[in-house]
Amino acid sequence: MKILLSHGDGGSLTNQLVKDVFRTAFQDEFLEEEGDASILPNMSGRVAVSTDTFVIDPLEFPGGDIGKLAIAGTVNDLAVSGAIPQYLTAGFILEEGLSIERLKKIVQSMAHTARDAGVRIVAGDTKVVERGKGDGIYINTTGIGYYPIERRLGFDQIQPGDCILINGGIAEHAVAVLSERAGIGFSEVLQSDCRPLNKMIYALLKRFHSVRFMRDPTRGGIATTLKEIALQTKMDMMIQEEFLPVRPRVRGALELLGMEPYYMANEGKVLIIAASEEADEIVSFLRQFPDQEIAGRIGTVQTGSGNVWLKTPFGGTRNLGMLSGTPLPRIC
Amino acid sequence: MCLSVPAKIIEIGSSGWQAKVDYLGSHIDVGISLLDRVEVGQYVLVHVGEAIQVVDEELAKESIEIWKGWLDEA
Amino acid sequence: MMGMAYRDKDIFASLCQKMLPVLEEKKQRLGRKLRFMEVCGTHTVSFSKTGVREVLADYVDLVSGPGCPVCVTDQSDMDQMIAFAKRSDTIVATFGDMMKVPGSYSNLYKEKADGAEVRIVYSPSQAVEIARQNPQKQVVFLGVGFETTVPSIALSIRKAEREKVRNYFVYSAHKLTPPALQPLIQDPTHQLDGFLLPGHVSVIIGRKGWNLLESLNEPAVIGGFEPIDLLTSIYLLTLEMNKERRSVVNNYSRMVRENGNEKAQELLKEIFEVDSVKWRGFGILPNSGLRMNAAYQSYDALTNLPVDRPVTKGIKGCRCGEIVKGKETPFGCPLFAKACTPENPIGPCMVSSEGTCSTYYQFERGKEKITY
Amino acid sequence: MKILLSHGDGGSLTNQLVKDVFRTAFQDEFLEEEGDASILPNMSGRVAVSTDTFVIDPLEFPGGDIGKLAIAGTVNDLAVSGAIPQYLTAGFILEEGLSIERLKKIVQSMAHTARDAGVRIVAGDTKVVERGKGDGIYINTTGIGYYPIERRLGFDQIQPGDCILINGGIAEHAVAVLSERAGIGFSEVLQSDCRPLNKMIYALLKRFHSVRFMRDPTRGGIATTLKEIALQTKMDMMIQEEFLPVRPRVRGALELLGMEPYYMANEGKVLIIAASEEADEIVSFLRQFPDQEIAGRIGTVQTGSGNVWLKTPFGGTRNLGMLSGTPLPRIC
Amino acid sequence: MMGMAYRDKDIFASLCQKMLPVLEEKKQRLGRKLRFMEVCGTHTVSFSKTGVREVLADYVDLVSGPGCPVCVTDQSDMDQMIAFAKRSDTIVATFGDMMKVPGSYSNLYKEKADGAEVRIVYSPSQAVEIARQNPQKQVVFLGVGFETTVPSIALSIRKAEREKVRNYFVYSAHKLTPPALQPLIQDPTHQLDGFLLPGHVSVIIGRKGWNLLESLNEPAVIGGFEPIDLLTSIYLLTLEMNKERRSVVNNYSRMVRENGNEKAQELLKEIFEVDSVKWRGFGILPNSGLRMNAAYQSYDALTNLPVDRPVTKGIKGCRCGEIVKGKETPFGCPLFAKACTPENPIGPCMVSSEGTCSTYYQFERGKEKITY
Amino acid sequence: MCLSVPAKIIEIGSSGWQAKVDYLGSHIDVGISLLDRVEVGQYVLVHVGEAIQVVDEELAKESIEIWKGWLDEA
């Protein structure tokens, strides 16, 4: 069975699709209500909101699919801000001709990831666009959470001397996706790091009190995220190339294509800025979690003027800017 | 000018035009028509999806050893 | 893993300890810093990326040469390529490097946003696949590159021939490296103490491909791209300066043979013929390019797919022409990092990741101020 | 200037676009923060959430554009549930090649409509898809609001004898959009009814205490919405064809194309179910608002078995089901 | 506004008061309800939509005839149309009505989801525009319809001719109405008291286009589609029954002339030729269809665009064949409103909005239970 | 069988092949090649974008009047 335009016309086929695919997978009393809006219980504390749209080719990749990504992405955006993600909404744009089996698989992956992360999907929407006006599936997720602690994370908390840490190897998501794209074909599977980090981050925040700021370096990679931090704080981020965790296979794939790991997307990574006194303990803490055994301290914050400096093992330095133009395979 | 990496042949395709190579654990298919003869286990230099030379492993080891020896000289 | 020893930090440090004094001594003797040209853009990037440029900075000025294929492509060639993309029945296939290069009026990204079909490939053989999958379209591969790259493009033509793919065409803007060095060596205003020759071009043409330099008695070393390759090559160049009679030194012997890759050389002869072509900055250089030869005319985009190429306009204020000859550094361009940035590149040298301006923008800006 | 793929890569062009187009138009302190999540003040009462994705061809139509629609649609979904809409998130999918001028116009229309409705846009996201994988612009909006009153609206409040009311002429949005589509070309402009209804609904709820249920009959038209109500309540909806407000020009356009107004989308209409005692007063109330002068009572709720009956002026009745298949122009 | 008087509720009520007793009287005399066939699907829908069917229900059984062009299209024609859609170089243009009609293996919606290019048009001339805008594609218009619709399709061919659009083709599955009535009148098992003739077909063929019925002395009234048209036409049919010698009564004189639209008739003769074609339910009926004639072969999709048409399979259990002949009502089909619904239609009569099953599904189901 | 509506001609195109018509306030362009001659103000019967007949307004009025007269008769 394939998605037809009529699945999106708001009539009986739409109703059937919602029932068969979405409600079955998400199973949430708030969704069951079939109202225009879902009614949630009172929320305590300040409320956190985040929205993201997921467009990815291929829809499935080693280590995940667009469904897992759509949950993890928004959950992580909330979590890195210090919030506890509670509720998600999901908006789908389906392309005419999409296999319903494939949709079910992806929706189930969303449901599974949401359960893993402990968040509930409370409202949804489905539209169908004509063949050639979409790319299989696009998903928007919007997340709502709350702030359990009074401590504020933010750019304004960052201080010179703070340490910059990361919870594992970079560029893994980008390489897993590249390797699935037609024509490049790495036949040895590279797994995306795509995963919700909220539980890990909650534990981190509970235990360590000097965490100043977190951000998930997704599109644009760590370089772009670090540059944003530098620009916002007007401090310099001093990064040691040697300390940047990159798995050899990821490095290899990128060297083959002439790409740099600093600009490649991550979907299960968080850059953490914390006081240097706690840095070593945080690294040990991070390394306990699965696939985070190469977490590490990658640099320090220094007074400066909004630059990101990368120091090479051979004595050079490099001024990292934001990503400028989508990374492409190169010959030179 | 020309990005290239030395990758190890791990499998030669049945057509004889292609081989699978490993570079730091990443595997891709590359063309081998520009080389006379290659064997599994050899390293080749890969550029835009083609192997353009067989790496001389002896010389690769020798050269660095020579420099190391020269360091010891002084 | 093969070649990883050449990235060894400790060996590198030890070599520095022994080599830098030799450079210092030579500098003292000359009363100025040494001045070498790294011909290859990948060398330019490697010096910056690894930090070896900084390590050598007190002793050596490294000058970039005409070794970025994107940068030396003439503006009229860019306009021609963009004109192919504008054809409604045509898919253009290209290496990612070409996407942002400015033509006189547009670039490939903009054409794509306007509806042109542009496909980025990692390998030229993928372009033949695209042609096979789109029989109702013409597929033009934008052929840029030096001796290293052209054999792979030649193989794509062979593949199209073998598989009877009739809608595959190549636009050949390919260049040969040695002919571009001769005018630089012979330019009396150009103070160069020697050349670091491109390792991967040398893989194809062999050490003997540089006979010209040997006949001109020019200090020249073929080098690889790892930190130890870079350092030792500069050291060897310095030694070479002291010699009376110079030969081209092969410091990349693990990859480069005396005669190069003869199979590749023959393939090039079969499909292409040498021609005098226009380079950005240089103008027409004798016997410096490869055109499709008569037997392969049916794969030649230029003769088979007529387009209206617009009148080529120079890029105002851009100094790429001087930069590819090593007569100017990016810091000497008043637009560098001001009007001209990777987001809004004015010349190709700011576009290509190997372009000198782009490399300097990414790696060499604002370093005065740092202390770790 | 056109949208390039690089506008969506998360690098410097993305940042520039966000600054030039979105922040400039929306101007909200919560957006200014540039965080992964926006931090909102404590919310009092139960929280309402609703999400919708807007895909419409053409992007601009008489009486509105996709931007106005994206705000009004989600605001109305919250409002008809009885909530006061407060915050919106906006997720954009832009197609490579879209004119930035056009994007600006649509974003400004969003900003304008949001201000009109008194809601704040507090978080956003932008993705760019390749030409031929989108349709200019798709927008997801997710809305958050709260319930100011303790009275609950819902299917379970509906009672036999209740009246069914509507706030104006039906099918106006659908016809305005059809008339813009290539090939049909009604040259006399038909205006979409697209508009946020939250202020009107707030006043309605404050004044009338017998409102049991509301819903905006968007995709699928009033027939589909009434059928949903019938199925949920297991009562019958008895509709008088004569009383259904349809402007003559709308009726004319639909007869030309062989389409029925009951199945056509509305974007500024609300079906209201209220006690019959208040019905006349509600009608007078509704008619005070602009373009609602033909608001009226269209039928009553009756015990039954989940049917929607349409009684014709000539003595027949008709069993209205949900929309089944997108309405198309027909010859017969 | 023109014709709105025929929707007047009060006149309608007064007419009922005077006419229904006449029907009642006739019913009494016959000892059974009257039984008329409304040939036209638009009449079927109008009787239901306006409620006039219910008003007459105590006196008259209205039986639907072969007047839904989608329903009488033979299964093999559907398969042929779907086969055109499967051609990768072909765009199929169609009225919206055809989208869901089941072929033996698929329908146009499913083909579209699978990548076929299918465009819905309001008018056939739009299909010529599509052809002009897609010169590299073949555009096939799926020609279904009776005398009313075919002239507009003929004009589209004229337009293509005039504007030299060479990639526009029509698949002609057009039908003529009168030849389908003859077997129904002559069927001894078929108890019909008279025919309500299709008003808009009559606009083209004229009152005299129904000579056949007159020669068979069959009660027949040409009627319009507004409530008063419907009521008065049934009344006139009842009067006609009482006559010895019947003529075809024109109760739609504001639209229907004695000779019809002669310009349209000539156009049809010029482009099409009459042929014996297959109808769903009827089989081959003599001189009942229109094929493209020799002079217009170059616009004929059938001869110009070869396709693999699959072996046609009948639809199991569907009674559309009987329904289009008026020998069965939807309530007589065991699948009606159970396995067969507009969401999952089994036969074309459930698909077309004019199809009898679809009309009965939408308007006539479950009415027993209602009281307002 | 054939959905058609009576619409009023409000403008005749310069080509002579097209006219703009009004139906209940909605305006569309229709072909008029199937008719011999039409004038602004006339009503035409429109089917799939073509005018297929000129409405006889006299008869339109007359017919309904006849029925009304017949009602009064009784």
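Note that the chains are named A, B, C, D, E and F in the order they appear, and that numbering of residues resets to 1 at the start of each chain.
One rule holds for everything that comes next: a contact is a pair of C-beta atoms (placed from the backbone, for glycine too) under 8 Å apart; a residue touches a chain by one contact, two chains touch by 3 or more.
Heads up on the chains, UniProt names are A, D = Hydrogenase expression/formation protein HypE; B, F = Hydrogenase expression/formation protein HypC; C, E = Hydrogenase expression/formation protein HypD.
The structure displayed is predicted, hence computed values, not measured ones.
If you take chain D and chain F together, the chains in touch with both are E. Counting hops only between chains that touch, chain A reaches chain B in a minimum of 1.
The two sequence copies chain A and chain D touch through a face in which the numbers common to both exceed half of the numbers used overall.
Chain centres here are means of the Cα atoms, and by that rule the chain farthest away from chain D is B. The distance from the centre of chain C to the centre of chain F, with each centre set as the mean of the Cα atoms, comes to 74 Å. One simple way to say how far apart two chains are is to compare their mean CA positions; for chain C and chain D this gives 57 Å. In whole angstrom, the spacing between the mean C-alpha positions of chain B and chain D is 63. Rounded to whole angstrom units, the spacing between the C-alpha centres of chain A and chain C is 37. Residues of chain A in contact with two or more other chains: 5-6, 12-13, 184, 258, 321, 324-325, 330-332. Residues of chain F found to touch two or more other chains are 1-3, 7, 24, 47-48. Among all residues of chain E, those that touch two or more other chains are 41-42, 68-69, 95, 122-123, 126, 145, 149, 343, 354.
Every residue of chain A that touches chain B in the complex is listed here, in rising order: 179, 184-188, 190, 247-253, 255-256, 258, 330-332. For chain D in complex with chain A, the touching residues are 5-6, 9-15, 34-55, 76-78, 80-81, 83, 87, 89-93, 122-127, 129-130, 132-135, 138, 140, 142-145, 147, 154, 215-216, 218-220, 224, 228, 232, 263, 265, 321-327. Of all residues in chain C, only 9, 12, 41-42, 48-55, 68-70, 95-97, 99-100, 120-123, 126, 129, 145, 149, 227, 341-343, 352-354, 361-367, 369-370, 372 touch chain A in the complex they form. Listing the residues of chain D that touch chain E in their complex gives 183-184, 236, 238, 257-258, 304-305, 307, 309, 311-321, 324-325, 328-332.
Across the complex, chain C is touched by residues 1-4, 6, 8, 24, 31, 33-36, 43, 45, 47-50, 52-53, 55-57, 59-60, 63-64, 67-68, 70-71, 74 of chain B.
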